[in-house]
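Look for chain A in each of the two complexes below; its partner is chain B in the first and chain C in the second.
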Partner chain A sequence: MGRAVAVIGTGQTRHGRRNDVSYPDLVREAVRMALEDAGITPKDIEGVVSGTMPSMMEGISDTHLYFAEALCEVGKPVLKVESCGSTGQSIAHCGFYWVASGMADLVLVVGMEKMFEGDGQATMSTVADPWFLKPFSAGAPGVFTMQAMEWMHRFNIPEDKAHEAAAFISVTHHDSALDNPYAHIKIKIGMDEAKNAPIITYPVRLLDVCPTSDGACAVILASEEMAKKIGRKPAWIRGLGFRGEEFFYGESNKSIWPSATEAAKHAYEQAGIRDPLKELDVAEIYNPFTYQEMIFYECFGFCPRGKAPDYVLEGKFNRTGELPCDPSGGVLCTNPIGASGLIRLAEATLQVTGKAGARQIEGAELALSHAMGGIDQFNGVTIVGAKL
Partner chain B sequence: MRKVAITRFAQSAGVESGDNLMDFTYRISKEVLDKAGLKRNEVGCVMIASSDIFHSGLSCANAVDWDGSGAFMIEGTRAEDSMFALIYAAMRILSGHFDTVLVTSIIKGSENPDNDTLTGFFADPFYMRPLGINETTAAAFQMREYMQRFGVSEEQCAKVAVKNLGNALFNPYAHMKKRVTVDDVLNSETVSDPLKALECAPKSEGVASVLLASGDAAERFTDKPVWIKGFGTSMDHFNLGDRDLLNGQLTVAAERAYRMAGIRQPRKEIDLAEICEPYAFQELLWCEKLGFCPDGEGGKLIDSGETQMYRAFPVNPSGGVLAMNPYVSRGLYRVIEAAMQIRGRAGEHQVDKKVRTALAHGTHGFAGQCHSVVILEG
Partner chain C sequence: MTKEYGTIVNTVVLPYRWALGQTWTRFFDGLKEEKIYGTRCGTCGKVFVPAKTFCPDCYSDLDDWMDVSQEGTLKSWTLVRKSHFGQVRQPPYALGLIRLDGTDCEFIHFLGGVDWSDMQNAREKLKAGARVKAAWSKEKHADIHDISCFEPLKS
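This part shows the complex of A and B:
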């Protein structure tokens, strides 16, 4: 089935409020780092894929035109792929199929967002249709809170327990971000602080929610032959999947979230994974909200339905636990949306190639990366391994 | 290498649709699946093309496009341009991971602001946008330079509009159809000097859908597959001042497609071309860059009459983009028209000659910043 594809280089900007650079400069920062990491020059690149959130985010549309130089794509074949928040995974998948098809041996994949130049919540409200959904929309927290309530109700999860587990996730991820040189929010918080943070939309509190960030991420994908020629330690793409549900929020069951469940299942089948909790060494889950991260644990088969809070409180998903999740601090601490899904793949790559520095999970060989988009509508998963 | 076929397709006519966006998308996607005898959930992957340029007031266009294009719970994603979507879909099949991909491109022009309000958002906020640069003003610069450098006349440019709007009279899917003279074109309102109103494409709505299949799977869906023999894209610099507007990246994109298809002499080996010419003169310039005539001789090419519908080298027998311009979908419309001609089933605008190999072209960005070329064969 197609050619093998490896990630041979990654680059991330310092994420946060980046008033020091223009949007193209921000993109170039990530591209330059990825090229250096892979030990190649722009000339070597045979194709460029890019993607962001919709144009309302920064007020520029079809940004692949504006970023022609920043993306090193002048004179090169290009593709532009976007799928809301899951863009980061969608562009990685595009790069994968490009190389797998035999049409290129080296493809540069770049995701970016400069959220401090626009209004993220206003933009996301325009994902809703003007007649039925928009009157109810309250930015991202409104939607994801509704999902959290549905999930707790469906599985009879006591609110206190979920609240405790959400705070625990917040504390551990904020701790992890302190070890990640690229992370945006770097604060040391305690359980009491997380549990008593101001409410955004009940039961979600301030420290359960991701920030808005400026940032970009670039990844270089190579064919097996090219990866061996270049000689850097590769992360092999072992499986990938993407699924989307109905546009109208109320039409699907978000507590068992079919798109998340099926996207992971598709990727597991290709990677030959049967027991993800045991077989995966680390997972980089797209977690803009702590409650949502728990639903993902269940969809991805890390624990039975409705049991995520118990597993969390037992420490199973800690950096020292059975399956460390988001040792980078995740989206909860860094969220340049168009880049966020690709950052998950970059972090998973760093883990399985042993280059994750202070946030390295010892001996990690198989990692899951993921992104979610739309009004809880889309999920994409990519699994990378140290071995082919 | 695997082969990729266009098996079935459908396109909406350029008239304003009474359907809402979701129904509009559904109707055309369903038509293709019905023609192929394929159930929705038997499709391997759905590739959507639509625009996030304040598309119907909805961001993340793929969110609302998802249901109507039949993508519920199957593999899929969205590209920013229909040629990108087609090429990405072809690569998914070439990878061996998929046997079928449904490509649906969606633009409901009647619900959007006019083209140049939207193309103005391609401009960077600092240098170009305050100058009012959009696709039309950028094309005006390009046309002026084209006429000055090569002595191509306004009359020669106007002839493209005469030909294409006339061809459209025979195409039931076209939006603008008109019998006009060179004088009519030259006397139409100046939009952005030297561009005249009849030389600028309208704003249209159009949903187009194509079912691609691998070589082995294709015969299940059609007895007349049209093969994708080659494709190529290329990107130019962003700032207009950094570019030679008459020597852009179309040559490079075409070379990529020709190399893949094994074409050495495009004018001899290609029987027909469907070219994306949102501005009349661009058909002449793009013909040069595609190698159909020497540089600077686009004017002579139209004067020769060879590019008319029933002559030796038909260009845009459908009427082209001047007659039908659903922005993101316009590239896929060219592909469908080329495929129809190859099958010999284009109806009243079927050309006289036997079409074995045809070229389809798409472009977006200022003065052709980004080009895509696809080569089809019967």
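This part shows the complex of A and C:
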């Protein structure tokens, strides 16, 4: 894995509709908080990695130009990485490689999106080619729902059971978001409300689906030597994995989702994790859709294939369960896409450094963070621990 | 009272002319003749549809063209209820993931021939595993819409 790398600071904006700040000011809100958290100044930063979903989302293609000062990147080496929803993990990995390689000791990683400025679903339809896939995109929910239906069929999961488990995930995640000061959607909902919400793409309902949000997240990565010199309690990056799949949606089996499975496996190998359900203390999964969250549980080895709805309904992934998942309320309640994957890492960091406030999982020492992007095409996982 | 901050409105319109190249031009010309073309990999034997120039597994050239079956098995589907910018059809409409007979990947297209006002009946016809067949548009333009949709085969 190269040199040891620590997360020594995190910052995120209050997410939601943020017409009160221009886009660069939104970015600065997250960066300033991360700098304060790490106890460093902009001058200490040696390099900057940033990314949005695609720049099409911003309507301004060169975000480097637009955010230069807010990203503290004037006079420094800069890198931009984009992989749709998995951008947040991609930029974190890029920052990791930079520090692990020995080329820098202190790197700033920033992800952002201001989705109320454009039309999110229209932008997402430009992710795919316009002659094969775009005509059938139906926004993000179309393909993600087909994946869920394929999964239910493949493992003979009764639709009623999946529906019940999806609603349960929605209710518990919305509850968790109430304890997260940065979360966008803060509503108390009940099972009946979740189960009977309007259908978006059958059988996925409104409360199974994430919002679009404005927001940014910043993370500061340091070498072991620098982390010790600065002296704040760090989260150590213990493992990371990223995998891509084919361009055509129909060419890989999304019910067992090879990229999600292999990305986690790669990260587990580095972290020495054999039984993730027992060894991990908390997970922050990229879950824009409740049904997809269940597929991730299976891909990440938290439960056997086809059994996620049973585990969910037993409460195994609740905040008081065996492996609490998304105590932040997750992407389901907050989704500034380019930031979302990095927010997962920031939240995992807060958990293992004991700084997660009301959403803290007591004694958490090992946490998984994740993001998914493209048309079910990319998955990235980063594992952080309290110990090196 | 919360202060209302200003916004600036601007619409970005960008024209493109995308090149389909030899393989996809031949694929779309095939649709105009009511044929669905795939290509078979001589090395690993897999059949891809829409036709591909090279094998994603072994990276070899694919020049073994096949007129693939217009019937297949439904792997998954969804009924779209919500409108989005740029949608080709107005909801409700259904999308299907179809494994055409003799091919090794899924083909994505609209599903039709089902009455959505009777969801119970629709669910019985559209179970994953159901057999479906391509229905062709009367007017053809050598594009993906030359296939109107896939419809359940009468059992």
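Just so it is clear, the second predicted complex is superposed on the first by the 387 of 388 C-alpha atoms of A that agree within 3 Å, B and C clash if a C-alpha of one lies under 4 Å from a C-alpha of the other, contacts with A are read in each partner's own complex, and residues count from 1 in each chain.
Methods note: contacts are C-beta pairs under 8 Å (C-beta built on N, C-alpha and C of every residue); 3 or more make two chains touch, one makes a residue touch a chain.
Predicted, not measured: the structure shown is a model, and the values here were computed from it.
Of the two partner chains placed by superposition, chain B and chain C are both touched by A:Gly59.
Once the two structures are superposed, chain B and chain C can be ranked by residues of chain A touched, with B on top.
When the shared chain is aligned, no partner comes close enough to touch A:Ala358: not chain B, not chain C.
When the two structures are aligned on the shared chain, A:Leu388 is found in touch with neither chain B nor chain C.
After overlaying the two complexes on the shared chain, residue contacts for A:Pro130 are found with chain B and with chain C alike. Using the contact criterion defined above for the overlaid structures, shared-chain residue A:Ile187 touches neither chain B nor chain C, since it reaches no partner. When the two complexes are overlaid on their common chain A, residue A:Asp119 makes contact with chain C while staying clear of chain B. Legend: residue contacts after superposition of the two complexes on their common chain; A:Leu313 is shown touching neither chain B nor chain C. Look at A:Pro198: by the touch rule set out above, it reaches chain C but stays clear of chain B. For the contact definition in use here, the residues of chain A common to its chain B contact set and its chain C contact set are 59, 129-130, 246.
Note for the complex: chain A touches chain B at residues 1-3, 48, 53-57, 59-62, 64-69, 73-84, 90, 93-94, 97-98, 100-103, 123-124, 126-127, 129-130, 241-247, 258-259, 262, 266, 373-375, 377-378.
Residues 3-5, 7, 10, 12, 18, 20, 24, 28, 48, 50, 56, 75-82, 84-88, 95-97, 99, 105-110, 127-129, 143-145 of chain C are the ones touching chain A in the complex. Within the complex, the chain A residues that touch chain C are 19-20, 59, 119, 121-122, 125, 129-136, 138-139, 141-142, 145-147, 149-150, 153, 198-202, 204, 246, 248-251.
Chain B meets chain A in the complex at residues 1, 22, 51-54, 57-64, 66-67, 71-81, 84, 87-88, 90-92, 94-97, 118, 121-125, 232-238, 249, 252-253, 256, 364-366, 369-370.
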